[in-house]
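Worksheet: the structure to be examined is printed underneath.
Letters A, B and C mark the chains as written, and numbering starts fresh at 1 in each.
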Amino acid sequence: MAFVFSSLKVLPVVRSSGVRFFSATASRMDNVETTLNPTGYSVISMNKGPANSLNMEFIQELTQSVRKAEGESKGILLTSSLPTIFCAGLEITEMYKPDMVRLREFWSSLQDLYLALYGCRVPTVAAINGHSPAGGCLLGMCCDYRIMVGPKYSIGLNETQLGIVAPYWFKDTMVQTIGSRQAELSLTLGLMYTTEQALSLGLVDKMVSDKDEALVEAEKMLIALMRVPSEARHVSKMSIRKDIYDRLSAGKQEDIDYFANFIVQSVIQKPLGQYLDALKNKKKKKSV
Amino acid sequence: MAFVFSSLKVLPVVRSSGVRFFSATASRMDNVETTLNPTGYSVISMNKGPANSLNMEFIQELTQSVRKAEGESKGILLTSSLPTIFCAGLEITEMYKPDMVRLREFWSSLQDLYLALYGCRVPTVAAINGHSPAGGCLLGMCCDYRIMVGPKYSIGLNETQLGIVAPYWFKDTMVQTIGSRQAELSLTLGLMYTTEQALSLGLVDKMVSDKDEALVEAEKMLIALMRVPSEARHVSKMSIRKDIYDRLSAGKQEDIDYFANFIVQSVIQKPLGQYLDALKNKKKKKSV
Amino acid sequence: MAFVFSSLKVLPVVRSSGVRFFSATASRMDNVETTLNPTGYSVISMNKGPANSLNMEFIQELTQSVRKAEGESKGILLTSSLPTIFCAGLEITEMYKPDMVRLREFWSSLQDLYLALYGCRVPTVAAINGHSPAGGCLLGMCCDYRIMVGPKYSIGLNETQLGIVAPYWFKDTMVQTIGSRQAELSLTLGLMYTTEQALSLGLVDKMVSDKDEALVEAEKMLIALMRVPSEARHVSKMSIRKDIYDRLSAGKQEDIDYFANFIVQSVIQKPLGQYLDALKNKKKKKSV
């Protein structure tokens, strides 16, 4: 899980998109690749096949990557190394018939990732280059700006479709992003939106046609954000996010207790089990 | 005021709209017709000519109908049996030179209807097939989804036009539906919107060209909502509505006191009297 | 700083726009011209060249003009007498190397102007006929309705671009006007919007092509607002604005303390100084 900003070999790489990366500044955790862009921001790329599903270890790697990039660079571009998925959300197996000690640590880790990204002191832009349900949508919403590849991908908080409920901080973040009415409809139906729908709702800020374009646009926005005096920029951001941020910060234990009690109910465990069975059958069919 | 879900004669009726009704499951209160659709939801149709104006008895019938349907079916489609009016709002005569005991019970009844519909445990969809001012707009906003026939009808909280003020829970519900800015403009001017305007503001979710289409679309949305695991769906809905719901629940008496004191002021009674006179003259002219 | 509604010479002036002014009812403070329109509203026109920048004396004149017009007429049309600027916002020299006694009075005066305009008992419409950054945008947002000349002008809370932070009441007012998400993006980037962008965001309500048209449209809206029973209209407006209004009303001293401590930090003073230097150099170049 090493994370080093090396400066040994500085090899500028010009991509077709025009966004240059210096390969020497790349570092790697098990499933997170971090690259320092010469412009001064970090590219954090999720690379945990097949779906960037958020199990506890991956969540912790992401949090470390965010905190490291926050301390050592001037901005964060969050994206995925996978071809069609940005992030599939929470790993269901973490919540199905869970070990209670690990369950609580899992949830605490997710809270930490949320707080690190939502309150991040450097500008954060998500280049959403694939499907982004549930926890994936949350990661996107935590960033300062969202660019999404379209039109074929989908994004949304679809928890109710599995019979579970998005925690209040997921909900608050969505309300702040798209307003009460659309958040209500979205959460009650567990809606997944196409990129176009997400754009028209304001769930994402820009639609592009491929990942290269997403990186170019993300860089443009990062540069614009990095040009603003950083203290004023961050204080302004937190003036909007403070209530939500503080509520979770102050209520972490209570939220862990609530989640741990909620998730083990048989009315919740049963649909999770059914969902996992359905996933297994799908894989079997594919492998035949 | 009998309300019975009979299952004696089950006669499927296929309407031109494709929405089937079983006539045997129809029941009737004085002014409210409830039909159980075979898909599992109740159709509650307001039928108090000429305008479905909400006097105390009608409000109480509606509340009973909503609670009954909530307990005995899987969803509610709220509509009107009248040709051009969904619901004209509160009956002005209840508020003009009122008997104070009845006035307080009238207001308490309205609070109960609001809470029953706004917090309803089963999905609720309004098929707004006619004009829907003031209290009529409120009934629509209480539902989970609003389909409105256009373009010729109008909807809005136009209380200020009569010199009265929408109670805070009307206001809160509108803010949640269309946001602070549009709610402010709407309430200060007492605006009535065309179906198209209401759609573009988000005051309604879908525009259709006639009632049959409204029923078809309402059924589609009800089926989508009924497919979502019901506990997760309802908890998600209330996560958005809880603050408004709880504020009125906890403050019913205070709100009744406020309303009773407010409405009897001469500055309020006078325009109500003028409005009633204008209505009477209008009727006289028509009958000539 | 005389402010008199004179009725000596009543000379109706018909403008090309069709909005009539009676010159006799005009009054003048040093930098604020107030005219009583025969329809019953006051036109308050800011005329402090070159940019209507808000120094303490000008702020106090504006507050007096607003309070006077509130007491003696039925509405307020706020506009600028300058050719291309509505209001350039706070006078930077008030905040750079300030005398602390004056700084506190300056800030207190701005709070008073905000409260006078934001909570005004008579309808208020802004005819924004020029650029409107920072405090200029705030004055517009305080009004009940905003008409802006386009497409060449710009409006926004761009404080972060100077390294300063919009006070919480600026922020709250913007959130109420355009919602949390757009306010966040707007404040963190210090965005200035074109008239068209401002219209599509809801930061202004109507776009017109010149000042005459702005005055005509403003009069239309003022007449509509003045027709609504005034008590009901004002109570409805304050039902939306009350939380923000009361928070500042109750927290004036605390906000003055915060501002006074915030602005004198070297990290804030330095960019203000650089900005003032840049302005001076610009003027020198022009005068050469």
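Please note the rule applied: a contact is a pair of C-beta atoms (placed from the backbone, for glycine too) under 8 Å apart; a residue touches a chain by one contact, two chains touch by 3 or more.
Quick caveat, the model's predicted, so the values are computed rather than measured.
Taken as a contact graph, with one node per protein chain and an edge wherever two chains touch, the assembly is complete, since every chain touches every other chain. Superposing subunit A on subunit C by their CA atoms means rotating through 120 degrees, a value rounded to the nearest 5.
In summary, the pair subunit A and subunit B forms a contact in which the copies contribute largely different residue numbers, shared numbers making up under half of all those used.
A separation of 40 Å divides the Cα centre of subunit A from that of subunit B.
Shown for subunit A are the residues that touch two or more other chains, namely 175, 179.
Residues of subunit C touching subunit A in their complex: 159-166, 168, 171, 175, 179-185, 187-190, 267, 271.
Across the interface of their complex, subunit B is touched by residues 144-145, 175-179, 202, 205, 224-225, 228-229, 231-233, 235-237, 239-241 of subunit C.
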